[in-house]
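Paired with chain B in one complex and with chain C in the other, chain A is shared by the two complexes that follow.
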Partner chain A sequence: MRKFSFKTNNYGYIFLLPFFITFLALQLYPILYTLYLSFTNLSAANPQGDFIGFGNYIKLFTDKFFLQSIGNTWRIWIFNFIPQLIFAVGLAAILTRDKIRGKSFFRGVYFLPNLVTAASVGILFNVLLGWKDGSINNILVALHIIGEDAKIHFLARPVWISSSVSAILWWMWFGHSMILFMAAMIAVPRDLYDAAAVDGANAWHSFWKITLPQIRPIMVYVLVTSLIGGLNNFDIPYVMGEGQNLGGGGPMKSILTMVMHLYNTAFTGGRQRGYGSAIAFALFIIVLIFSLIIFRVMFRGRDTENPRGV
Partner chain B sequence: MKKVFLWLMVVTISTTMVVAFSLAGCKTTTTTEATTAIETTTATETTTATTAAATTEAATVDPASFKGEINLMAFNDEFDVQGAKGEPTMIEMFNKVYPNIKVNFTKVPSGEIAERLESTFSAGVGIPDVFVGEQAWVLRWITEDVWENLSAAPYNAEDLTKDQFSYVKDFVRDKEGNLRGLTFQATPGAVFYRRSIAQKALGVTAPNDVSALMTTWDDFIAMGKTIKEKTGDYLVAGPRDLQRLFFFAKKQPWVVDGKLVIEDVVLNYLDISKKIRDAGLDAGALTWSPDWTAGMNGKVFSYVLPTWGLFFVIEPNITKPAEPVKGVTYSYGDWGLASGPASYMWGGTWLGISKKSEKKDLAWEFVKFITTNKDFLKSWSELRGDFTSDKVVDAEVAATASRPSLAGQNHMQYFLDQANKLDGSGWAKRVTQYDEDIQNAFMDALGDYVDGNTTRDAAIQAFKDAVVALYPEISVQ
Partner chain C sequence: MTSNDRAIKKFKAGVFTGRFFLYLFLIMLAILCFTPFYIMIINATRSTQQINLGVSLIPGKAIAENYRAMMNSLNIWRGFLNSMIIAVPSTILSGYFGALTAYAFSKFRFRGNTILFWAVLGTMMIPAQLGIVGYYQLTVKLHLIDTYWALILPTIASAATVFFLKMYIDANVDYSLIEAARVDGSSEFRTFNKIVLPIAFPGIATMCILNFMFSWNNYFTPLVLLFDKNKFTLPILITLVKGTFKQNIGSQYLAVTIAVVPILIAFTLFSKYIIGGIAAGALKE
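Moving on to the complex of A and B:
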């Protein structure tokens, strides 16, 4: 029998051990258990939980709240992500130029909303968007943009509340994305710009032809993380939901996201853990498919390119 | 040497991680012996002297002879937050009499506590000796059979609670009619109104006169129109505030034989709410929102709240704080309690003893003291203004009570009259464990109808769909 010897080379595995133990116990096991639960009808009414095959997954296609929540989740994410990307890239381009004064101040200010907790954001925007005594309405009336009787009931109108949630997410996240883009832009070699300038390119051309292609990997990263975060969206719609029934999903369920529906199903009412698990897996599959698509589209033909030219 | 050092490091890191994880789950605050710091009022002192006489069992046993620790899990401020003027907490008052029982109190927010308790039940470990149930979910503890039967020996709670309102007891009886929990409070409801607005708009201020103006829903709306015309104030903060008045008036449970029952009184709520909104009689504020709270010092005439609304909701918001907000006139002393178009009760917390507890004797002393010790209940009511579950105690306190925030109105007498009315309503038998979720689903549908997002029929359909989504086992027509 070979004597167990403790080679210095093996230390690495030991240092990895805490991560793997917690990963296996607190992540992999729950994931697999969720998969198992998604094939049962475990709920408060069926505490034993019988095996029902794909029953829960079939039910997903007829669950109008789930179908609506898919639309809501995408709508909220897209209307947050497009302006977020434009602002983040634009501001990053401006702030990485040497001439701008106090750029670290702006960088801090734009990032700040990201540090505010969802609960505080909820209270803040509920006050701002209040109806008969809301701040925004009072400002609009004071500026004579609308009349006293025409105050907008933001929180009760599906269009307004959905756009508000997108706007809040935009406000919270564009600073974060901006910092990532700034880091990427600073890393772009200066000689590329110098060469372009020699060839007579203006700032606009340099931006489109050099900066954007160079920061593509970071854009993919931001897009994928934002997509995953956006499809898992829960806290802001939850705290902005109408009334005391927080999980309600707002007027006409217009801000009921997929994770909120999952939460409502598994943890409120009849506590349908089995069906809730199926929603969780459906969500996982959706995120997986779209992440793969993005990778394929953004990196198509990337292997043959050699952007640095070295 | 290097090897040993690295090994030590690895072991330390992994141990720290494991310990950190296990600690994350159990933040416990210990409340004990803090009693010494409290300036006790005469009321608390008499407790010690008379406990022996008040309870038959204690007549032979000295409370100080009970020694040990119990774990309590609750969401209530009553257990660990002193009153505005430093009035003692329930645990402090308990320790005055039982100095040797240490109560380890774990406070969990009300929105999370039921789920947290459920997870201790399924894990089988960490179940507190005593835990609470709120009106919205206490029936789960009874269906799940996690609480001791307090009607049986050695507790014999029926005798101890013979002076209590029957509706607070009936609510927590199991199928066999046994008591599973006990409560220190009864929570009849009121319509809190602003006297100054009543004076200007209606020409009256006295509670009876205001009550007389709103005996039916038509009167209520007519009164709102008068207020709007005369002073421009709002009748209510929002139509959602009225829900308890309608839900309490139902004649049947929400679910009968697995079928959802939508009664006319509930549909009437849709119509009344719509009328109020269309006539511009509400401030359009959602219950508990900042707008809603601001209305108390603003333009809102009435709030529908029960006993605890007085000292947990109204008073903290109408009392001028140390740093007053500019432009706000605090309405302390400008309030009154009237009865609205219907009677109701709302909320309440019941305490029960875990079946798995290993210290049932100590746990029982705690539950018994908090919920049935008349001297304690009396001082609690006098100190905090709470309305207790004991009729006799309430009548004693009501003999002299007068609340400055309500312009000296005797709130205890008002609540006593209301509670006596509720006692015969049979309400406790109509409640199901589905109620809170069903009512929340209804409120969502009502909101969409009142806000003009949908039609009446579509709102009712949306309500039915929401109920089925929450509870697939309930069938709807």
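Moving on to the complex of A and C:
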């Protein structure tokens, strides 16, 4: 019936157009433009921005705050991720294997903190963690865990504020990871466990020998997405710290993360957008390298198990 | 009582104690997850002096006072409205165009289909912060800086939505239905709107809920792109309470409560879809 000999399958291209136009213009182009800007000295003082080659990237190695922010970001992420993984896998195993009453209630409550705006969570804990009058200190005193005169100055000590940010991130994310592990564990074929039980394996053995290897793809997914999110950590550390200002980075800049440094550099003060762009790409390179390492390490063992790649 | 009976009894007692501690652990953890919200709601109703005196499990009477103090310097409802103005169109655009793109990948055999789909997948790994400086400069040139458009338009290209909906359409939309529509003379675009969209609706709704939450909770991009105080989104306004009511902690709690409680309510209504959507998205990876 059609007058034009336009192959039906080519309508696919038309349907892709809005997505790809938006993607190219508003996502890919800004990224490439940022890459270009990272080789210029664009700033409030220099609105035209001259090409300066690798100057910004060389500057990164002498930028004390940038170097510190790498350490801070990793530390905050790792101290959140290790307990997060242990709780998420453990709880997922408990809630999927054992017959637990109120399973969906627990699942829902553990997941709840993840839904709330991270910036609001940061503000909430910033008040809760207050020193003399903070609710968390008051609870600890009421439970006789610490004495009235031993209240913890959470927001003023580098160790405490950094651990607090990690703890908040753990609180926000262990339920989320748990849901992913639960979905993966439910999908493990039952007969694998039955076969192991015939061979005399107990629950502990079958967890290590069957469950963990079977959920490895989800583990990689959780690890990589958590790493990307963790290295781009901004909202909570940005709003935390004593005093009124946002983005201060806490005592001795102990919770200044890489993205906070990027924001502070490119969008406050002297607005050094060229240098800020270089920070963004340095961060991206770090994320890329570690994601590739994770993929290699996690899937190398697997190739030897299935030589022909199942 | 034989020794065997005794052993069984001992074993049962052991299981019972194990179960008891297991439930104790699960309940403690649940309390830990909910208590900060509970203290927040209670403290929103108490005066600053009461809060400083200690924790309480019973609401106070200062909620009206806290509300007046909060509204004097911070129009939180304006932030609510602004967040809505951004989140609703973003959700609709990402859902509609996500489905259209997913449909093209799922049911049309054109050259480059696979490669383009892999390109979409690749972009899921790229964090929004990477291109933010370039995006900022671009919105300045396009005169979109400090407008809601700068935040809404990019959601047309939501890679995660396309990815999820392609799987959904692959599994749920039968090719014979599309063929039948073609035979009936329906245009390709009409077929999508009238046949594919309704069938894929449960999947689209799941992604829309997740995208809405993402937009609602987004802090970084609006912080960079908006300057006008009247355009600030809810998360930005909430973080301003830190400087605004240094002396009035009750008002700080109240502001956060107003921002958080709707999410808690929405979660109790949609938890099945939210949890299912998150789990399904990861499993298909």
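Definition applied: the second predicted complex is superposed on the first by the 293 of 310 C-alpha atoms of A that agree within 3 Å, B and C clash if a C-alpha of one lies under 4 Å from a C-alpha of the other, contacts with A are read in each partner's own complex, and residues count from 1 in each chain.
Here is the rule we use: a contact is a pair of C-beta atoms (placed from the backbone, for glycine too) under 8 Å apart; a residue touches a chain by one contact, two chains touch by 3 or more.
Quick caveat, the model's predicted, so the values are computed rather than measured.
Participant: Does the chain A-based superposition show chain B and chain C clashing or fitting?
Facilitator: Pair status: clash.
Participant: Let me test your reading of the model: by the given contact rule, A:Leu143 touches which partner, first (chain B), second (chain C), both or neither?
Facilitator: Neither chain B nor chain C is touched by A:Leu143.
Participant: When the two structures are overlaid on chain A, which partner does A:His176 contact: first (chain B), second (chain C), both, or neither?
Facilitator: A:His176 contacts chain C only, not chain B.
Participant: Report for A:His153: first if it touches chain B alone, second if chain C alone, otherwise both or neither.
Facilitator: After superposing on A, A:His153 lies in contact with chain B but is clear of chain C.
Participant: What is the contact status of A:Val259 with respect to chain B (first) and chain C (second): first, second, both, or neither?
Facilitator: second
Participant: Look at A:Asn232 in the shared chain and tell me whether it touches chain B only, chain C only, both, or neither; answer first, second, both or neither.
Facilitator: second
Participant: Please tell me which partner, chain B or chain C, touches more residues of chain A.
Facilitator: Chain A has more residues touched by C than by the other partner.
Participant: Just chain B (first), just chain C (second), both, or neither: which does A:Phe65 touch?
Facilitator: A:Phe65 sits against chain B, while chain C stays out of touch.
Participant: First (chain B), second (chain C), both or neither: which does A:Tyr13 touch?
Facilitator: Only chain C; A:Tyr13 stays clear of chain B.
Participant: Under the stated touch criterion, which partner chain does A:Val127 make contact with: chain B (first), chain C (second), both, or neither?
Facilitator: both
Participant: One more residue to check, A:Phe267. First (chain B), second (chain C), both or neither?
Facilitator: Once the two structures are laid over each other on A, A:Phe267 reaches both partners.
Participant: Which listed stretch of chain C (56-64, 254-262 or 272-280) steric-clashes with chain B in the superposition?
Facilitator: 56-64
Participant: Let me check the overlay on chain A: which residues of chain A are in contact with chain B and also with chain C?
Facilitator: In the superposed arrangement, which is not itself an observed complex, chain A uses residues 8, 11, 14-15, 18, 22, 26, 123, 126-127, 130, 132-133, 244-245, 267 for both chain B and chain C.
Participant: Mind listing the chain A positions that touch chain B in their complex?
Facilitator: 6, 8, 11, 14-15, 17-18, 21-22, 26, 43, 45, 63-65, 123, 126-127, 130-134, 153, 155-158, 242-245, 248-249, 251-252, 264-265, 267-270, 272
Participant: Within their complex, state which residues of chain C touch chain A.
Facilitator: Residues in contact with chain A: 22-23, 26, 29-30, 32-34, 36-37, 39-40, 43, 51-52, 54-55, 97-98, 100-101, 103-105, 107-110, 113, 116, 120, 123, 125-127, 129-138, 153-154, 156-157, 162, 182, 185, 188, 192, 213, 216-217, 219-220, 223-224, 234-236, 238-239, 241-243, 246, 249, 252-253, 256, 259-260, 263-264, 267, 271, 274-275, 278-280, 282-283, 285.
Participant: Which residues, counting only chain A, touch chain C once they are in their complex?
Facilitator: 1, 8-16, 18-20, 22-23, 26-37, 91, 94, 98, 100, 105-113, 115-120, 122-128, 130, 132-133, 135, 138-139, 142, 171, 175-176, 179-180, 182-184, 187, 217-218, 221-222, 224, 228, 232, 234-235, 238-239, 244-246, 259, 262-263, 266-267, 273, 276-277, 280-281, 283-284, 287, 291
Participant: Can you list the chain B residues touching chain A in their complex?
Facilitator: Against chain A, chain B makes touches at 3, 6, 10, 13-14, 17, 21, 115, 240, 283-291, 294, 298, 437, 440-441, 443-444, 447-448, 451, 453-454, 465, 469-473.
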